[in-house]
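See the structures that follow.
Next come two complexes built around chain A: one with chain B, the other with chain C.
Take a look at the complex of A and B:
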């Protein structure tokens, strides 16, 4: 059962290829920014801070080491996490339009984050931990609510039902967020940023947290790629080939909640990354999840890095919100994919 | 089924449009002109800052004010006891707390205003839409609109409010006071070397927003001989953290609001990774100022100039 064909997954050379592409984009994103710093200075700054030496030319080091590198890393990790979530959910629900933002999971997570801030939920010894925990919990709860409703209304879990419920749920949750913001007064007025997302001001702690979340959540999702393949054909199919449907579904949903919760609490809701990237990856490597998930991981990092690069440099010295860039690209891609998938059916 | 799909796409696109619209900051208005109206027995007319002439047939006794700055002007002219309703952001001076609070901004409730039967309604095109002004006029309200974009505009607004309340002399006194304070502050400034300043409107966590050229903060800074590092940004804008560090301001003024128990903005700014090289952080020239005082087009701009002077150049 579920025996994998040889060569189904990624071979070592392909991993190397993707890694080289990612490293190339990472380098571009570190080298290009609002302030011009020559590649030699960048290397010097990185090298000397790795050895713990102060650099005489202080500004390059401050900007590269304290600002640009943590931000670029946070962006890459968020992109990877959101994309692998999107790919996993699209497989699990057999739904080409599934994604944290279209399903309302991200909105749910931001409600959790806003509630945590409004009511001062804190974890002792870990700044921002309360916000993160609430975001994860609410991401998971929203997923339960959305899927529960979807099953109730339409057992076949058709694409449209889930997406419509997701949108309705998002609007509902956003209205609650607005009520909370109104009552919490000035404290939460600025919090409206959760709805659009921003990764500016990321620090190494954010990077570390994202990294841990991606290691845990990503490993779980990558572990279940065969089961996701079975789900992609149909839940009955998965059951027939011996998948413990209930348990696998729950575990995948928990992994997705962890990833989305952490991403939202650090960067706010960044729309459409998880939707668009898996589709691009699918065009490259095909629908098999053993290849699709790793490809989405790398593709998501690259996509969000490039989007952030645009956001940072397009209107220099002004910054665009990264959500503006991803929504712009994403909305067009969304309609295109929708159109393709409709043609495919009829 | 096809129809449902179409509706789904439309809904999603609508969501996007709303998200994008919420994001963009409020646009700027036009320049306002204002002239004195003629007076005969108890009837008089005032031209507001959008050029609209409003006629009054008797002296004003009941005022509704929706704009915080106009509210401060009214109280400064000694007409606070005539205010029967105020917008939710009108929080200065403290006596405003006793006045009926009205919804303002995009939630302006016209019925609520009409029910108070005021003789005049003060609003501003910065906070309210032209449609709301029109709707109130349709409802028979006498609406006087202010639109101050700079300190000269504030003087015009004060004169205009003075005319409506028939307190022209008090208005001129108030303007004179402000002018004197500004003159006094800018006289004390030595012109030896030019220092730079960075205004922080929202903290790093939410993306750095600053006040560029054509803002009250910028105008007051230049009055004090300070150069705004983001003079190339028009109005308010979200700027890159890297740029702040490269432009290396001598002074940093934060108008971020914070709650008790949170880290004060100046401490947070000074502890930011990568900011240690910035002159203002090195010399501990980072302060928090009252955002309402320095960004509202009202009489307290003079106090803001004094406060900024005290921060930058030591005691007054």
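Take a look at the complex of A and C:
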């Protein structure tokens, strides 16, 4: 385990270490692609763009500033957001397999986004705002439905019940998405393109929205680390030590819905990030959420950046969907974690 | 200290606890006694505000139904009979959570000197200090129960509620845990309310008892008085005294 500060959280040098690792991976992801761009050219291009100066190699500058930087930033922010959500849900439900995709919350958010595209839901003055709002609302409603059903069937919210209901809910929601697609007329293309899920076309507006969502949602989740520790030990135990169980649960669920809704509305469903990264982080720093959430935040960003790098370079010049890479890694990890949790070793 | 008035708990149409009233005073160890399904655990769940109920529960004259969870935790601590821990938390992390109610404010910085002192004391009292850095998933049932006892001691409530605290523990741990609780209950301003099945333990440790049968209070008062031959015959439907004596005969050397 990593060396920790005197209290329960990380010390400042550990955060510096995480930041250096993240910046290093960011740098590699900007440099590597169908065209390799040297670190010096990256610096030159960014500096010139910031100052508004003309550069001799306008092509490299346009690739870096207009395509790669917004993409890698969106990837890093999405990875961080999905991972911190996974870590929080796994703590809240005391279930190592809880995650936006396994719970069916991401599917719910997808349904909201598809409905918004099909029926042309818009927010005035904010392109893509309607899709985002619907995705967030449906993410929250899905969570309420899934947990409500799970509670009715099995009040201990066991791993098997949650996963089973998540699968059933996802199938149900996907069937509704298919019905919507059937009647979507000329919007089918837009919906299909969106459901493929990719962060390749991300722009600075997406980065800004992700940044705001992560600042709000991430801050809420980081504020509730002690409560998440109590929930991870047991909901009754949380109540007995003085946690306002209902209120805290609702606030955490809203924060998670905001984050998953925004991520899904921008990049589609990127499965398993929220499952794999917190688990790896837990093996590295332990289950205390004061360390687990920050580690998941940085780890999620790095994991998704590397997955995106693989997706871009593995079959170059062809590009894989980022979801294909995360699903491949995630499916293997899922089986491993499920096996561990059945043996009670997680 | 604690006054339970006309407590009524229903699950749908079924009445689990029917108009039960009793009180617990300072330095008392009140035992809730009765056969399986009598409603004892439901009574302690209602007092700890874990299930909805009718009637009133007063603590130092105040109705606790209106209390905030942190205020409740500072006054009433609960130790459950069993703990299922999914994640490998360290022993000291679990014990430290007992101080949640004292640092739960929005801008609270977390542990202060008092929190650390209470945690150290609780680790010491329960004998789990040597295993403070061990993960709870590696502990036996008895060790785990002592860790959660340390958590509730760190919480420093005035009333400690125990729901069959030694149900799954062997004799050594039973003796240890009951001894620790008795010492704790002797401190000024403290009291214990517990559900215990073993009538020998009730007699040995309880100062007072409430006998519950089919959700109703059959008898309350001093332990010896409540556990009379007639009361136990009525509730358990057998001569408990005779059976206990028969059992004890097996141990004569």
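The working rule: the second predicted complex is superposed on the first by the 331 of 346 C-alpha atoms of A that agree within 3 Å, B and C clash if a C-alpha of one lies under 4 Å from a C-alpha of the other, contacts with A are read in each partner's own complex, and residues count from 1 in each chain.
The rule is short, and it goes like this: a residue touches a chain if its C-beta (ideal position, glycine included) is under 8 Å from a C-beta of that chain, and two chains touch if they have at least 3 such contacts.
These numbers come from a predicted model, not from an experiment.
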Ask   = When the two structures are laid over each other on chain A, which of chain B and chain C touches more residues of chain A?
value = B
Inquiry  = Applying the document's definition of touch, where does A:200 land relative to chain B and chain C: first, second, both, or neither?
reply    = first
Query = Between chain B (first) and chain C (second), which does A:95 come into contact with in this model arrangement: first, second, both, or neither?
reply = second
Message = Between chain B and chain C, whom does A:244 touch in the aligned arrangement: first, second, both, or neither?
response = second
Inquiry  = Looking at A:236, would you say it contacts chain B, chain C, both, or neither? Reply first, second, both or neither.
reply    = second
Ask   = So, does A:226 touch the first partner chain B, the second partner chain C, both, or neither?
value = second
Ask   = Which holds for A:25: it touches chain B only (first), chain C only (second), both, or neither?
value = neither
Task = Using the touch definition from the top, say if A:84 reaches chain B (first), chain C (second), both or neither.
result = neither
Request  = In the complex, go through chain A and note every residue touching chain C.
outcome  = 7-8, 91, 94-96, 223, 226-227, 229-230, 232-234, 236-237, 239-245, 282, 286-288, 341, 344-346
Request  = Within their complex, state which residues of chain C touch chain A.
outcome  = 48-50, 68-74, 77-78, 80, 83-90, 93-94, 96-98, 100-101, 103-104, 106, 110-111, 137, 148, 151-152, 155
Key: List of chain A residues in touch with chain B within their complex   = 33-35, 58-59, 62-63, 65-68, 70, 102, 160, 163-164, 167, 170-171, 186-187, 189-193, 195-196, 198, 200-201, 203-204, 271, 312, 316-321, 323-324, 327, 331, 334-335, 338, 342
Inquiry  = List the residues on chain B that touch chain A in their complex, please.
reply    = 1, 4-5, 7-9, 11-13, 15-16, 19-20, 22-23, 202-208, 230, 232-233, 237-243, 245-246, 248, 257, 259, 272-277
